[in-house]
């Protein structure tokens, strides 16, 4: 394969006191690829997501991101303004709790439009059109564009967060348990929405989940983490149907019909 | 000999069950299979001999322990046993289709779009892909009123026919069929036999597991025996 | 005045404030922390402005102090007298004659010129304080020029009201870099800040911040292409001097609904009337608007 990686991590380790949260993790992500990081609570998967996205600095090791013009940036040594710029344009971050990302006192339209305005969009009509378009894309009634998020259901809030994140057409989105805490029926709808949006716009995703079914539905490749280490990585259906590592076998066997 | 579409060389596969105290269960041993364009090879052997394991290994769903699985992909031979996951995904997208026994349904996606999505790999617009999908579903006796529904509520036979439509519409040069007619009535079995024959006529190479001897005889050009693992001891 | 240093503050404090001012001038629109002192005046009455004025005042300066445009309101009178007594500087009500103008809530109508300094009293220096409660976060937003949030506020106004609903303390971008609160001047005054020949200094006593706009610096009011900034004024002419271009105060003249619109800038109004301009309502001389205190 001739194309180059979008994001690469090498030898990433991080300790919190005596606790080793990450031990020598390598990871690669190619453009348009969905990579799932699975594991139980405390396996280091969320810490890894934070390190990959520049939100937490590793103790040792490095993470590189390749810009659209082919420049290779070290995520943890680049200037803070540049990283911030990445986070509000090329990158996106979808939190498990949408309230962490949304502005609950700002209308749905304002929430979706913020990233556009942060990028310098100064035409109210265009911002509003884009917001309306993204509400439709995320299956929110565009009539609710001027409603406050606090009047939205949990599933709608999560879809609003996705609209807010994708409005700038990011190339890379980090997702932390995007369907956690939602009812099963709401989860299914959201997963399908994420799946189709990611495929339609060719977005690369690093997805952290404890739910193997989510990894199977969304991810091309899956990394299995245990105790801060990557114990197995590969094609998602291969990892889940023919797990090699004892821990992966345990993880897969504890789920019904994953 | 070397114009094979698919070839395995010394393919071995065993399962290591860590949760059962590290028991190692060998299933496939030294499989050498050749498959050429336009032919249909039927895997035969007693239940538990490893026919499905071989199919899944050929598709890259199971990891081969030893040996090579060579696929003619984009003008060159790719070894699935060692290929990068992204290469396997590309092979599945462009070269090798798979019809499993059961349809893994995606919530909320209609039968029509499940099939159309598979057709998008070689069709340029969603409209043409949907048109072709509707035609194939209709041919497989899925009435038009069901096309817009997600297949989660369909009967086993209907789900399998959706699965078949998805497998055949992609036009992959290699097609793997795992018990494609198991839940079908005679009329639909006849449709499947016709689809397989048409595919072969177009030069598509097929490996299949056919439970039904009648169908196997109707479509297979040759048989490939998968024998149960012989205890070496 | 005996027992006090020139202009009340001790020299060390004035040097500290001057250093903050120099830094503020070097980074237009950026808020510089300073060690705000106790001033014989309550917070909110101009403690920040007084400290800045005290630090820059020299013996030859001529000081003008206005509150809401007027030279004759209590606060303006008190501050002017404070410096007349502690620094023995000349004072004036004439915008054109002043070298230093301390102001609350207005910029004079008469255009300021080279060599003048205008000192704004600032209650809240952080333009995003209603939007982002964390000062750590707003500081980071300034550092990264990450001002999408401020535009979100404008967007929300248009979505709810149909127009930008900020009528005073209307946020501006200074030198295309820093978002700045212009202090609670009416949005009508914002355009006067742009490329102003005079030096503009801002002092916030309670919040302990000083910032500045050097002469001839770009100052743009935030807006949208399709909802441009609009400096609003009451659609009337001044009842006393007839000016149609000045910012107006509404004065109730009786309890039967009688109203009078007059220039908020008393010096501007008086100068026009002295030149013979008379308002359309034909108000006789001696009505509200005359200077109470003669200072020269």
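Annotations for the structure displayed:
Order of writing sets the labels: A, B and C. Residues in every chain begin at 1.
Going forward, a residue touches a chain if its C-beta (ideal position, glycine included) is under 8 Å from a C-beta of that chain, and two chains touch if they have at least 3 such contacts.
Note that the coordinates shown come from a computational prediction; the quantities given were computed from them, not determined experimentally.
Omitting chain A while holding the rest fixed, one finds the remaining chains separated into the touching groups B | C. Comparing mean CA positions across the assembly, the chain most remote from chain A is C.
Closest to the middle of the protein, by Cα centroid, lies chain A. The mean-CA centres of chain A and chain B are about 32 angstrom from one another, to the nearest whole unit. Per-chain Cα centroids separate chain A from chain C by 47 Å. For this pair, chain B with chain C, the centres built from the Cα atoms lie 78 Å apart.
Per the touch definition, chain A reaches chain C in the complex via residues 80-81, 84-85, 88, 103, 106-107, 109-110, 113-119, 122-125, 127-128, 145-146. Across the interface of their complex, chain A is touched by residues 15-19, 56, 60-63, 84-89, 106-109 of chain B. Put simply, chain A touches chain B in their complex at residues 1, 30, 33, 188-189, 191-192, 195, 217, 220-221, 234-235, 237-238, 241-242, 244-246, 249-250, 253. Residues 143-149, 151-152, 155-156, 158-160, 223-227 of chain C are the ones touching chain A in the complex.
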